[in-house]
Amino acid sequence: MLEINHIDVFYGDLQALWDVSMAIDEGKIVALVGSNGAGKSTLMLSISGLIKPKTGSICFEGIRLDKLPAHRRVEQGISMVPEGRRLFSQMTVLENLEVGASVRTARKARFDTLKWIYGLFPILSERKKQSAGTLSGGEQQMLAIGRVLMSQPRLLLIDEMSLGLSPLLVQEISRVIEDINQSRKLTILVVEQDVQLALSLADRGYIIENGRIVGQGEAGELLCSEQVKEAYLGMGLPGKVK
Amino acid sequence: MNAVIQTVLIGIAVGALYGLVALGFGLIMGVMKFVNIAHGSFIIVGGYIAYWLFTLLGIDPYLSIPAVMLVMFAMGLILYRLLFSPLLKYPRAEMRLDKSLLITFGVTWILDNTVTLLWTPDTRSVVTSYTGSTIDILGAKLGLTGLAGLILAVLVAVALHVILTRTYFGKHVRAATEDSGAASLSGVNVQGTYLMSCGIAAALAGVAGVVIVSSYSIAPSGGLDWLLTGMVVIVLAGEGNIAFILPAGLVLGLVQSISTLFVSPAYQQPIALIIFILVLMFKPKGLFASRG
Amino acid sequence: MPVNWKKLSLLGLILALLIVLPLVMDLGSNVMNVMVTLFIYIILSQSWNLIGGYTGQVNLGIVAFFGVSTMVTHFLWKAGVPIYLAITAGSLSSVVLAAVIGLPTLRLRGMYFAVGTLALAQAAQTIVGNIFTRTISMPGSFSKDYSLTPRYYLGLTLVVIAMLVVYAVARSKAGLAMVAIRDDEQAAQVTGVKVFKYKVIALLISAVLAGLAGGLYAYVRLSFWQISIVFSPAWTFDALMAVVIGGGGTLFGPVIGSIFLVVLSEIFANTLGQAHLIVFGFIFILVVLLLPQGLVGGADVVRPWVVRTRRSGQQATEA
């Protein structure tokens, strides 16, 4: 469904990604893991369109995304929950959700989509007139995901899902992710620092380090691989000495 | 007592106009973070168009508002398309601001000199059958044109508020204002939103120009003075707070008007200036900023 | 530091020409007038160059420093003070004004500084216009002996002084700080540059230069039908234009820009009249958008092309 072919991404003169390639099949959950500053967010920003790669191409269902600005990619069906959520804190919960449905087709269907989202996250319905800035961390994450779902995406990108959330909330959100993947056949790409979480959630995984893809495979296999165990699993589990 | 009511009335009428003047400027600044130094010139051009329609075709300035708004809207679109959108390639906000300062200074130059060429440096005003008429309110007199300006300013402010809160376009504007990247990710065509906002801001300048040419007078050099007034209002309202612009204008108008009870009217502009600097130094987020 | 002898001797030659030429031939009052006007513009644009080009603070009210000096110089000179002292006093008054205005306004962020300075200059124009409503002129004794020659040489001297000042500042620690502030104020702050201090220094020196230009103007122009024109934003715009078109943050940018401005004014004013100002506005905008380094930087843009064509020309002849 999504093909990333040998992209190089620069911030000005600084290169952040080297020859990155990736393939995501429809209906799957794919995890992208790596340590801080490895380039995960850069890759996400490139897919969603806020950054353009210098070389290489990104294809979504055969359509090249290169010339499309971010909002057009949303029309195509790619939507991202950005790192740090980036909610419109001066606007209400409902307004945030409404803005998420800016794309014309999504706008028409927004009442039904809203019902679905209130079903997934009942707390959002309770707080719908509150301004987004007053929500708790977990509620904000739910709103961020809800806002993205309003655009009726076919490929969902989530950048740092678990950041700042309690383990309980993380579990709940993971459940929701799995649910929408199953029920709506949504393809999902998750970027996570918590390797254990990401690989247990996903079907497939990619490992990125220093701007390069250094590993890929079935999530289960990756989780058991020596590479991942050595490099990452000391981080995810409390009390484990690395 | 009558003198006080008179002063208050004048202050309200003038203040409403100040708010109207500042709305267009504040819209561009709040939404796109560009500074449009040419805003004052846009106002004057709007006034000249109304003047021209009046002298040529005898159309009452207030009736020509739709035409003026249309022409100014188009000018705003052109301003954005040709001059502002190239600036978006600079990622840093400071650089965009500096460039927009320079470019719009150039636009001011072009517009002011064009207007001087077409209409000479003389001051112009539209004098109609009702120009000098007043109505009585609570024993004091309010000019009809002042009343019209007040009504228009309130109408425009309300219309803007409704657009910003009830329409999808308005939500796009507010979203793009807060976080243009996140707005893009939500499917908002941020550039298109900016384009429309520029057009609207210019149209608002046009309305202000019509009120000014019929209540006072316009001259090619007047643009900068109105720009500065608008800036003082923006500073009082707090940057980005479009809702507070009209109230801030009223405050400024009232303060200036009341000051005439104590000092000569010639000092009104320096007073506005002093307020400007004081507020910037002590309450940089605006008079109405209660949150920390 | 290695001295560029070729450049230095070229400059020396130009300077020598400028000094000697009026002595050996009668250039005519028209040309002399243009030269003196050019000198005023060069000095004023160097003034803006320092605060705007090097330090990156867009000062839209620089005319205030110019006008104040013109007035002080005029009245002191009228009162019998020798012109050199009068101009010096004029420049000092500009510095005082800069200190008074500068300290509050420099604390303001970019846009507010720009509009604040604009506002203050406008206020100055209004106040001066209200106080001095009648024509101001010199007594007949001054206009009787009027000759452009001393004005030319004084102007030339002041230009040299202005260039030396900018040269010295640009090479100094202060100059480095100013450029750092222009390029990234936050980064400069974080790396320990005392941002406010250097902004003030830039503004004060800029005021001195503007004051020199203003004083020269008072020497050149003896009577003013409306004194408030010396506070007209047109002066600011011209200085800005000269710097932006020529190239800000360079030593010769303002010179090139001023020459461009004055020469084009002369050419266009006769054919286009008022409209020539409009044309300048368009040129200004085009330069801001397309040639951010101005004409001086434009040389860098053009050079690769020139090299390419020369090389291909050589190949064609060799083949």
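So that you can tell them apart, the chains are marked A, B and C in the order they are listed, and the count of residues begins at 1 in each.
Basically, a residue touches a chain if its C-beta (ideal position, glycine included) is under 8 Å from a C-beta of that chain, and two chains touch if they have at least 3 such contacts.
Since this is a predicted model, take the numbers as computed values, not measurements.
Peer 1: Which of the chain pairs holds the record for C-beta pairs in contact?
Peer 2: Here the largest contact count links B-C.
Peer 1: Which chain is most central here if centres come from C-alpha coordinates alone?
Peer 2: Closest chain centre to the overall C-alpha centroid: B.
Peer 1: Taking each chain's centre as the mean of its C-alpha atoms, which one ends up farthest from the centre of chain B?
Peer 2: A
Peer 1: Measuring centre to centre with CA averages, how many angstrom lie between chain A and chain C?
Peer 2: Whole-Å distance between the two chain centres: 54.
Peer 1: Averaging over Cα atoms per chain, report the distance between chain A and chain B in Å.
Peer 2: 42
Peer 1: So the centre of each chain is just the mean of its C-alpha atoms; given that, what is the distance between chain B and chain C in Å?
Peer 2: The separation of the two C-alpha centroids amounts to 32 Å.
Peer 1: Residues of chain A touching chain B in their complex?
Peer 2: Going by the criterion above, the answer is residues 48-50, 69-71, 74-75, 79-80, 82, 86-91, 95, 98-103, 106-107, 147-148, 151.
Peer 1: Okay, in this complex, where on chain B does chain A touch?
Peer 2: Residue positions touching the partner: 168, 171-172, 174-175, 178-179, 181-191.
Peer 1: Applying the document's contact rule, which stretches of chain B touch chain C when the two form their complex?
Peer 2: 29, 35, 37, 83, 86, 94, 97-99, 101-103, 105-107, 109-110, 113-114, 116-117, 224-225, 227-228, 231, 235, 266, 269-270, 273, 276-277, 280-281
Peer 1: Of all residues in chain C, which touch chain B in the complex?
Peer 2: My answer: residues 56, 58, 60, 104-105, 107-108, 110-112, 114-116, 118-120, 122-123, 126-127, 130, 185, 233, 237, 240, 244, 274-275, 277-278, 280-282, 284-285, 288-289.
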